[in-house]
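You will see two complexes here that share chain A, one where it goes with chain B and one where it goes with chain C.
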Partner chain A sequence: MKLVLDHIGVRVGRSMHLDDISLTLEPGSFNLLLGPTLAGKTSLLRLMAGLDHPTSGKIRIDGRDVTSLGVRGRSVAMVYQQFVNYPSFTVYENIASPLRLGRRLSAAEIDRKVLAVAEMMHIDKLLDRLPGELSGGQQQRTAIARALVKEADLLLLDEPLVNLDYKLREEMRAEMREIFARHTTTVVYATTEPQEALLLGGQAAVLDAGRLIQFGATLDVYHRPASVRVGEIFSDPPMNLLAVAIERRGSGVVRLSPDLSFPLPSHMRALPPGPCRLGVRASHVALAPSSPADIAIPATVELAEISGSETFIHGRHNDLAIVAHTAGVHSYRIGETVALHLDPQRLFAFDADGRLIAAPERQPGTVSGAA
Partner chain B sequence: MRKRSLALIVYFLFILLPIYWMVNMSLKTNDQILVGFSLLPENPTLTNYVEIFTNPAWYSGYINSIIYVCINTVLSVLVALPAAYAFSRYRFIGDKHMFFWLLTNRMAPPAVFLLPFFQLYSTIGLFDTHLAVALAHMLFNVPLAVWILEGFMSGVPREIDETAYLDGYTFPRFFVRVFLPLIRSGIGVTAFFCFMFSWVELLLARTLTTVDAKPIAATMTRTVSAAGMDWGVLAAAGVLTIVPGALVIWFVRNYIAKGFALGRV
Partner chain C sequence: MKKIPNNRAWFLVLPVFVTVAFSAIIPLMTVVNYSVQDIFGPYNRVFVGTEFFEMVLQDRDLHEALQRQLLFSFWVLLIEVPLGIAIALALPVRGWLASLCLVLIALPLLIPWNVVGTIWQIFARPDIGLAGVAVNRLGIHYNYTAEPFDAWLTVLVMDVWHWTPLVALLCYAGLRAIPDAFYQAARIDGASAWAVFRYIQLPKLRGVLMIAVLLRFMDSFMIYTEPFVLTGGGPGNSTTFLSQFLTTLAVGRFDLGPAAAFSIIYFLIILLFCWIFYTVIENLGRAPR
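And now, the complex of A and B:
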């Protein structure tokens, strides 16, 4: 099913919830909606489902205008962030419920489909239980199973894994990728997490404050964020932004601070001299040089956060705040001086309006350290 | 600790004393009641109860009461269900005002409505029917039922409705198959409150009936025979009148607090 959103807007009172969004989802494609909370991901999904209707613009499915068509007239399945199941039905009845409506299927056929999808979601042992007797992960598996069994043309998932604990989320993420690869439905998957987006791949639509700010293949968006905002949304922690000046001396230098500059890297040769903003992902800032070309930035430690088996070091060099994402658990004293190393070939450059003007060359074969 | 349990025991004695005294009286003959003072009936007798169950003037009162209370309960819940759903799920002009206005219906004393009901029912021939009393009681019970049910319904996440529509349920089918089972305790509590208010209400029930639909409460208050008051039979009737209420309370005992809070806990 080909879904076209044509200049969609949603206005509630005076505030714009969605502003002029145009998007084309190809049949059978896997699409991500990536954006921070309140970016409008859920609003957009609800429009696609037909639960809400836009105040302006058109929605077309396979060329047919469905803007005002209600949810029952469309072939849609949806999974919510909260675990939504029918509390009074058993898991089996929950999964079977979309099959019992509309199309007439024989009991044997329903049974076969329910068992197949339950097995795929690893809940085949729990079919006689009520949702209230399941763990959070199992409840969400039931909800996903119910959405999958319907075999709708459009499958919408609204941050389905966000309410699960870390381990469960990792596990289900991997499963989800396989399940989507096997199905031919058009899928829209909303998430706030760059890691999840990279893992799932497909197309990514980046939303911010009700606007669509970039749409393209997920890896292309990751490697060429069209603006500073995309860079911030599509990396975790947000991309480091360094206000620098490009000076035309010799083959050009980048001046980070009065006493620190380095030669202009090859992909930024074409840039005009003057102020500009450089972006670098925290995972590309290291404590030790990885190649002789790396530049070393002396920085004072302002904070070192330990998260799992990783450490985020918040450093400051003059006015520049830089976050380094390093593997392993390290402890630093606040105020200590460290050298942060980064590879100039990994730098993004943005102009004064925040538009991308230079991006690093794609290194073939590497996804350059997931976000 | 001891002080507290002592206080509780005293409290229970005070509460139970009138009920005990009524049960005590119902097991005595009129002579025994009037002659002396005894904590326990000396020769317990069931003649008072036999009188009630064999004399149509008595038992028809119970039947009439139960009929109109049941009609009232069923109608109130049936009418309140869709209304409460609308108040819980949709936003429309004046919804909040209307919702509050419903409750103000309970703030007027029933006597206010006596005359209009009396005149109206006499005119359209509803006077002295079970339906008349049931409809009159709905004036108080429907707003209450809407409030209680709305509270329970708002406790059900809206996403469940949406999921049902996504699955392809039609509205009636969703409402009956999915939604009602989720609020069944709310329906039970609502039915209990409708039952209770209708069962204890005396003024409207007595005024709107004469013979055919005369409720037990009216029978009890009018029973003064030529030989004076029939104490024993009256006490027995009183005991039988609190039995249905106690039975219904037993079934919804776990939800009553929520009902008193109009489903909002």
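And now, the complex of A and C:
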């Protein structure tokens, strides 16, 4: 199913919930909606489902205008961040429920479909249980199975893994990718997490404050964020932004602070002199140099957070705040001076309006530092 | 590691033990005392065994009062629970209108029992009461002070007026606790309004409905003040419920032995019914397919 959103807007009272969104989802494609909370992901999903209707613009499915067509007239399935199942039905009945409504299928047919989906979601041993007797992960597996068994043309998932604990989330993410790869349904998957987006791949639509700010293959969006905002959203912790000046001396210099500058890296040669903003992901800021070309920035430690087996060091150089992400558990004293190393080849450059003007060369075969 | 018995732990349980003893066991034991002994004075008592129990159980007035009581509680539950659910479903979901409706609905709950009785005593009077006069004007003969059925009906209507709001409020709270996603999911599934109620709302209301049913059963089974004020148990015995029967026995006739025996029976009946309701509603939720 090909879904086209044509200049969609949703206005509630005086506020714009969605503002002029145009998006084309190809048949059988896997699409991510990436954005912070309140970006409009859920609103957009509801429009796609036909639960709400836009106040302006058109929605077309396979060329047919369905803007005012309600949810019953469309073939959609949806999974929510809450675990939504019928509380008084067993897992089997829950999965079978979409098959029993509307279409007339034989009991054997229903049985076959339910068992196949249950097996795929690894809940085939739990078919006699009630949702209340399942763990959160199993409840969400049931909800996803319910959505899959319907074989709808459009499958919408609204942050389905956000209420699961870390381990389960990792496990299900990996499974999800395989499940979607096996189906020909057009899938839209909303998430706030860059890591999840990278793992799932497909196309990514980045939303912010009700606007679509970039749409493209997920890896392309990651490697060439169109604006500062995309860089912030599609990076966890948000991309470090450094206000610098490019000076035209010799083959060019980037001035970070009065006493710190470095030669213009090759991918930024074409940039005009003047102020600009550099972006660098925390995972590309290291505590030890990885090559002689690295720039060492002296910084005072303001905070060192340990998260799992990783450490985030918040450093400050003059008025530049830089977050570095390193593997392993390290402890730093606040106020201590460290040297943060940047690889100049990994720098993004944005102009005064926040638009991308230079991006690092893609390094073949690696998506290093997905976080 | 060797387990060290620590007898001082018992001191921690002692306060609960003492509280329960004073609040429940000791008062109950006095009743038990009176039910198995005929007591004439502090030093003059005769053990009579189950004689009082047998006496009370064979009392025809009691049988009638019990039947009346069971019928009354049956109708109370049958009317108030569905009506309460219906009101809760019909209430607005949010906004100032919701708050206003909730306050209006909760008003009867704030009125003291005997005032409720007085209100209805005047309201339903066939000569000067608004409701009484109106019904008679419609051509329906209605006089709760003279007709047993009218009296009985008035008590029932009064209870519905007084207590349905409680069920409605409980259900309203229960309904608000259902996430929107459930309704959306049902719409996507193409479920009808009835299916949404039957398969989403009702199962999700199970917990509050259990509380509502238990509270309404216990309260209606113990109803005393309102019919006492409204009809004083009459005309005849038509609105004499168990509580009033017990009061007549214990205070009016001062038959403490039979009254104590009956108190225990009364208590056991309520306990039994509550247990039945609890078990039934609990099991409704886990019916196998």
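We adopt the following convention: the second predicted complex is superposed on the first by the 371 of 371 C-alpha atoms of A that agree within 3 Å, B and C clash if a C-alpha of one lies under 4 Å from a C-alpha of the other, contacts with A are read in each partner's own complex, and residues count from 1 in each chain.
Criterion: a residue touches a chain if its C-beta (ideal position, glycine included) is under 8 Å from a C-beta of that chain, and two chains touch if they have at least 3 such contacts.
Just so you know, these numbers come straight off a predicted model, no measurement behind them.
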Problem - Fit or clash between chain C and chain B when superposed on chain A - result: clash
Handout entry: Touched partner set for A:90, first chain B, second chain C, both or neither
Key = second
Exercise for the section: In the overlay, answer first, second, both or neither for which of chain B and chain C A:78 touches. Expected result: both
Practice task
Please indicate which partner A:51 is in contact with in the superposed arrangement: first for chain B, second for chain C, both, or neither.
Solution key: both
Practice task
Check whether A:130 is in contact with chain B, with chain C, with both or with neither, and answer first, second, both or neither.
Solution key: second
Exercise for the section: Considering only the stretches 6-14, 42-50, 60-68 or 222-230 of chain C, report the one that runs into chain B. Expected result: 60-68
Practice task
Share the list of chain A residues that count as touching for chain B in one structure and for chain C in the other.
Solution key: 49, 51, 71-72, 76-78, 80, 82, 84, 86-89, 97-98, 101-102
Exercise for the section: Using the touch rule from the top, collect the residues of chain A that touch chain B in their complex. Expected result: 49, 51, 70-72, 76-78, 80, 82, 84-89, 97-98, 101-102, 146, 150
Fill in the blank from the handout: Seen from chain C, its contact residues with chain A in the complex are 179, 181-182, 184-185, 187-191, 199-200, 202-204, 285-289
Problem - In the complex, chain A residues that touch chain C - result: 46, 49, 51, 71-72, 76-78, 80-82, 84, 86-90, 92-93, 97-98, 101-102, 128, 130, 132
Practice task
Would you tell me which residues of chain B are touching chain A in their complex?
Solution key: 157, 159-160, 162-170, 173, 178, 181-182
